[in-house]
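In what follows, chain A forms one complex with chain B and a second complex with chain C.
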Partner chain A sequence: MSVTKIGDRVKRVDAVQKARGEAKYVCDMTFDDMQYAYMVRSTVPRGKILNIHLPELPEGYYFISAKDIPAKNELWMIAKDWRCFAEDYVLYVGETIGLVVGPDRGVLKDLKSKIVIDYEEQIPAVSIDDGINCVGGPMFPEKNSNVMCELFCEKGKPMDEVFAEADEVFEETITTPYQEHVHLETNSAIATYEDGKFVFYASAQCPFYIRKSIAGLLDIPYGDIIIRQATTGGAFGGKEHFPDVLCGALLVAENVIRKPIKMVFDREEDTQFSVKRHPSKCIYKTAIKDGKITGVYGHIYYNCGAYLSSSYVVLQRGVFHANGVYTFPNTYLKGEGIGTNTFPTCAFRGFGAPQTLFAIETHMDHIARHLGVDPLDFKKQYLCKQGDETTTNGHIIEEVKLPEMLDVITKESDYYRKVKEYTPGCGKGIGIAIYNHGGAFTGNGEQAIIKAHSRLVKKGDRVTILVGSTEMGQGFKTSLRKICAATLGISIDDVDYPDPDTSKVVDSGPTAASRSTMIVGKLVERAAQQMKERWDEGDFDVEVEYEHPEGYPWDQATFRGDAYLGYGWGVACVEVEVDKLTNEVKTTGIWSSHEIGKAIDELIVHGQINGGIIQSLGYGSMEKLENRKGFFRQKSMSDYVIPTSMDFPKQFYHIQENPYPWGPYGAKGMGELVFNGASAAFVDAVERAFNTKFNSIPIPPEDIEEALKNVQ
Partner chain B sequence: MEQVKCYMPQTLQEALEIRNETHATILAGGSDLMVSKSMGAGITPAFSGPVMLIAGVKELKGIRALPDGSVEIGALTTSAEISRSELVHPLLRDAASRMGAIALRNSATIGGNIGNASPKGDMPQPLILLDAMVVLKSIDSERTIKVDDYILGSKKTALSDNEIITKVILPPQNFTHIFFRKIGMRRANAISKLTLSAAAVVKDGIVVDFRASSGAAGPKVARSRAAEEMLIGKTLQELPEVKDAFLDAWNNVISPHAMPEYRRNSTRRMLAYFIDALAAGHPEGRVD
Partner chain C sequence: MYNDVRFKLNGKDMIYTGDPLRRLLDVLREDYSLTGSKEGCGEGECGACSIVKDGELVTSCIIPVGAVNGCELLTIEGIRDTEKGKCIIDAYAEGGAVQCGFCIPGMVMATYCLLNKNPNPSEEEIRVGISGNICRCTGYDLIVECIRLAAEKGASIWNK
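The block that comes next holds the complex of A and B.
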């Protein structure tokens, strides 16, 4: 078989199996004596549980709840605040109170419908403003507030001095909404008891996270729990921590029942009762002197829901991206994560960056129009460059190729001609956004927190990759096998990469944070280099551990230093035509350029660009998810709509090379980057086409109607 | 879980007998019922009484031109077939072609769509504009009524518990100008936020006929003959004078709850656009 090279165009290793329907997802798996489980959930957003009235349970049927937890009722995500089963009180609609478990799903649904729970209801805090104002009383009485987490970073002079010296201060508030992941496969897991161990088959991004999170419920060693990732049909962050919530409850049930138990969410359940993207409220105050920005103050609020999950880390990334791709002389950026009585928000492609990047890009557009200059020309003056001081007092380490990328995009899209031709309000518009995404965990987190490992096993002429990183549809099996094969000088067909099983693979860290190619890919490249040197030694293993480059300090206590060693960079341009009868917006052109170091597999990268940009355009244009009184108004895929291929045209894409010294073959992260900017470019284009201004997304026709009314 | 009886008749006569005896729920394409009765994966849908799967009744399928120029559409004709048929009026074809996704259009039927009488259903809106009739048959009778009279409100119809919808009849039309818009939450596979059809016959500079109907506008499709009368008989030169009064009248027809500002305003803008186009002597054909 031929030797695989990085530049080769290869067929995705999982393509045929998935296209033929042969891949086995959790819902396809069956076991003898299979039991099913449904969650019994809170139907009030905040209140005391007074009584739980159970119907008579037929033999073989169980109601599992907090009383069945032998040790601590907590899931260990980043903190340990998320209860496996609510007892005494509930904090949000959809909080797990119990499981009904038994052999027949029809009987279970019937039993579930007959469970009556009496509550003493309390007034919920739902929105960010509710949370700030402690509506219904503070969620954290000891702090007398709903602030779950907070941070700030500052650079340069104090902002009051900067404001005092300014000609004017441009202030505005920009809000971004919830977003649902809509992974093709809903959340699902099976628990079994095999050879004295609790074994889980889960649709999940991070098998090792699950093990760590749930072991405390029974107070058992990690080794007594085995997580086997099943084929995972999409995740987007929605299966980073949330599988813990399914698996934790199943573990408690499994400990009682000791039969295979399967739980698969219906789409409506997944839409209403799973984690979401954090809604945000971003207040910017920008000091302008002689037509130039002299300082930016940003106060960022994220709605975290009732439990912390990953919110503090999401908020940090939001704050670190809140100045966009610009270098301003003085900045003060503050973030507060607000607790509310809503379903907890968690990881979602971009992990906090899309909110603030949308806000700063839109804010910059608005300032430019206020000053009467073209937004792109205005932004170009502030683009950060290698060596510039960042808002966390670190530095931009790499060469920034944005000027070259902007040249490509303005030329391909004919931006400058169209800007002149499309007068404001003429019904046509073109918009542009510039963005970045810090690769991998913040600061020295890869070393201090994760300490990732990779292991390669050689047997004859075949090599097996044993890592905990997961394929969830993003193409990582193909990319990683390609890196391994190309480094060893063998064929990709001679490399195996089985779905991870925590009892067999080493912990390479979570499949998140755009770190898989950049960090785990490098670990596999290093292991493969070592293996290649010893190739003739017969059958052997190689294991390597992550090493952080020297000389890039980071202090996690004060958030100072080099937050990211390498960023992905992006430019997106969107052209629209609007229908003034109905306010419908038709996107007529999409152009993008992304600097990702090096594309390990161009086909996969292209797929990520197409998907990320469409997902971002859905976020900006149509994906409306509202929470009223603690309940999501949109409950299914017919009222929460995501774009189809009919909604957006074919895209022009450009990949800018700029090899990254610490990534495999020069590659950096890219899975999240491609989500981070198109929504702002879209809104910019629509603003120009209607000659109006938007301070929130999404902007479906009825919201455009509202904005136009406010202008008149 | 109680079991329910399920019937699969092969002829209309058989179906009428079953319906008469059991009042079974009629399931055609199943695209609405199987969603509303779904209990989740792996669980039998929860029908409260007997069900009749009527898809095997061949007599209820197909589209035929009648000698008087009318077109007869069998109740089991799918949206996909309607959207492709040259015999069918373009306003109905447009609506049928924008329903749901391809798979749904291949199973959903016209009988089911009007039988379900959802306010957001796609076909009732053009059918009511076209003055379409629906034929309801029972074991011992047959009656033909306007679709507008058949649909009583949201999910409410004039169908008796022993009747079956057998066909829809489109009377011949000679509109010189037509307009159709569906505004969904996205460009394809979306439930309507708002639909509007309008049609006119202009002859020798006079508006001989004018009709409009708004879908997703309230409990049922909104059409107002009183409002339409305001434009009928007017010359094209007179249209600008009566336009605002017509638009105000139309605005009063659509439901205050279902039609918040955006829907109301865009309906008004679209109708104004259509009337302006007529007044400006727009060439015959589509005005959209």
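The block that comes next holds the complex of A and C.
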């Protein structure tokens, strides 16, 4: 077989099996004597549990609850605040109270419907403003507040000085909504007991996270739990920490029942009772002197729901991206994660960056129009460059290629001609957004927290990659095999990469944070280089550990230093035509350029770009998920609408190379980057077409109507 | 006792004797172990459970099995080893249409229906043809391109 090179076009390893319907997702797996589990959840957003009335349970049927937990009722994500089963009180609608488990799903549904729970209801805090004002009483009485987590970073002069010297301060508030992942495969897991171990088959991004999170429920060593990732039908962050919630409850049940137990959410459960993207409220105050920005103050609130999950880290990323791709002389950026009585929010592609990037891009557009200049020309003055001081007092380490990328996109889209031709309010509009995404964990997190390992095993002429990183649709199985094969000088067909099993692979860290290619890919490249030197030694293993480049300090206590060693960079341009009678918006063109270091596989990157941009356009235009009084109003795919093949046109895409010294073959992360900008470009275009201003998304026709009314 | 439900499934005559109100999708997946058809939404919105019934694309999650008496059904398992099925699957693999894959068997069925009716579809006709199949990963462009590829590479098959 021929030697695979990085530039080769290869077929994805999983494509045929998936297209033939042969790939086994959790829902497709069956075991002898299989039992089923359904979650019994709270139906009030905040209150005390007074009584749980159970119907008589037939033989072989169980109600599993907090009483069945032998050790601690806590899941360990970042903190240990998320309870496996609520007892005594509930904090949000959909909180797990118990599981009904047994052999017949019809009987289980009937039993579940007959469980009656009495509550003493309390007033919930639902929105960010509710949380700030401690509606219903503070969630954290010891602090007398609902603030779950907070941070700030500052650069330059104090903002009161900057404001005092300014000609004017442009202030506005921009909000972003919930977003549901809608991975086509819902959350699902199976627990079994095999050879004295608790074994899970899970649709999950991070097998090692699950193990760490749930072991404390039984107070057992990690090694007594085995997580086997099943083919995972999309995740987008929705299966980063949330599988812990399913697997934790199943572990408690498995400890009692010791038979295979399967739990598959239906779409209504997945829509209403799973984690979401954080809604945000961003208050920006920008000082302007002589037509130039002299300082930016940002106060950012994220709605974290009732438990912390990953929110503190999400908030940090939000704050670190709150200046966008711009260098401002003075900045003060503060973030507060607000607790509310709503389903906890967690990771979703972009991990906190899309909210603030949308806000700063839209804010910059609004300032430009206020000053009467073209938004793109206005933004270009502030584009950050290599060596610039960042908002965390670190530096931009790499060369920034945004000017070249903007040249490509303005030319391809004919931006400057259209900007002149499409006068404000003429019914046509074109918008552009510029964005970035810091690769991998913030600061020295890869070294201090993750400590990733990768192992290669050589047997004859075949090599097996043993890492905990997962394929969830993003193409990593193909990219990583390609890196390995190209480095070894063998064919990609001679490299195996089995689905992770925590008892067999080493922990390469979570499949999150756009870190897999950049960090794990580099580890595999290094291991393969070592293996190549010893290739003739017969069968052997090579294991390597992450090493952080020296000279890039980061202080996690004060959030100062080099937050990211490398960013992905992006430009997205969107053109629209609007119907002024119905306020319907038709997108007529999409152009993007992304700098990702180097594309390991152009076809996979192309697919990521297309998909990320359409998700972002859905976020900006149509994906409406509202919470009223603690309940999500949208409950399924018929009322939470995501883009179809008819909603957006074919995209132009461009990949800008700029090899990254610490990535495999120069590659950086890109999975999240491609989500971070298109929604702002879309809103910019629609604003120009209607000659109006939007301070929130999404903007379906009914919301456009509202905005136009308010202007009149 | 229920009345028999008789239908042809992937070329074989079947007699189903159970509850006729069960969802066709459940019967396919659980009684006949045809797990290629997936449940994405359970309400006919997403198309992951798409199969072909008497030549038309349908969502098997909202059809009671009793309603297919006398019908001819094709699932992904029934087409994947045929000339047409292989043509689509090869094009999907070659052109990068597959990411997480959960929507793909349904998408392949939609493609099969489309190309049977229109062997040489335009981009617009392809987008209409798969508009009942939701994909959250790809943004559709590469799926559309792969369907064009299947039409071109399989021109002789689809024009038969």
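Here are a few things to note about the model shown:
The criterion applied here is as follows: the second predicted complex is superposed on the first by the 712 of 712 C-alpha atoms of A that agree within 3 Å, B and C clash if a C-alpha of one lies under 4 Å from a C-alpha of the other, contacts with A are read in each partner's own complex, and residues count from 1 in each chain.
Basically, contacts are C-beta pairs under 8 Å (C-beta built on N, C-alpha and C of every residue); 3 or more make two chains touch, one makes a residue touch a chain.
Small disclaimer: the values here were computed from a predicted structure and weren't measured.
More residues of chain A lie in contact with C than with the other chain of the pair chain B and chain C. When the two structures are aligned on the shared chain, A:2 is found in touch with neither chain B nor chain C.
Once chain A of one complex is fitted onto chain A of the other, the partner contacts of A:705 are limited to chain B, with no touch recorded for chain C. Once chain A of one complex is fitted onto chain A of the other, the partner contacts of A:106 are limited to chain B, with no touch recorded for chain C.
Of the two partner chains placed by superposition, only chain C is touched by A:23; chain B is not. By the touch criterion stated above, A:613 is placed in contact with chain C alone, chain B being left untouched. Touch criterion met: A:14 reaches chain C, while chain B stays clear of it. Shared-chain residue A:582: touches chain B; no touch with chain C. Using the contact criterion defined above for the overlaid structures, shared-chain residue A:51 touches neither chain B nor chain C, since it reaches no partner. Contact with both chain B and chain C is seen for A:638 once the two complexes are overlaid on the shared chain.
Chain A uses residues 27, 266, 638, 643-644, 646 to touch chain B in one structure and chain C in the other. Considering their complex, residues 1, 39-44, 181, 183, 185-191, 193-194, 260-263, 265-266, 269-270, 273 of chain B touch chain A. Every residue of chain A that touches chain C in the complex is listed here, in rising order: 11-12, 14-16, 18-25, 27-28, 181-186, 231-236, 266-268, 472-475, 603-604, 606-607, 609-615, 636-638, 642-646, 648, 650-651.
Contacts from chain A toward chain B in the complex involve residues 27, 36, 105-107, 109-110, 264, 266, 580-584, 622, 638-639, 641, 643-644, 646-647, 700-702, 705-706, 709. In the complex of the two chains, the chain C residues touching chain A come out as 29, 35-43, 45-46, 48, 75-77, 80, 88-90, 92-105, 108, 123, 126-128, 130-144.
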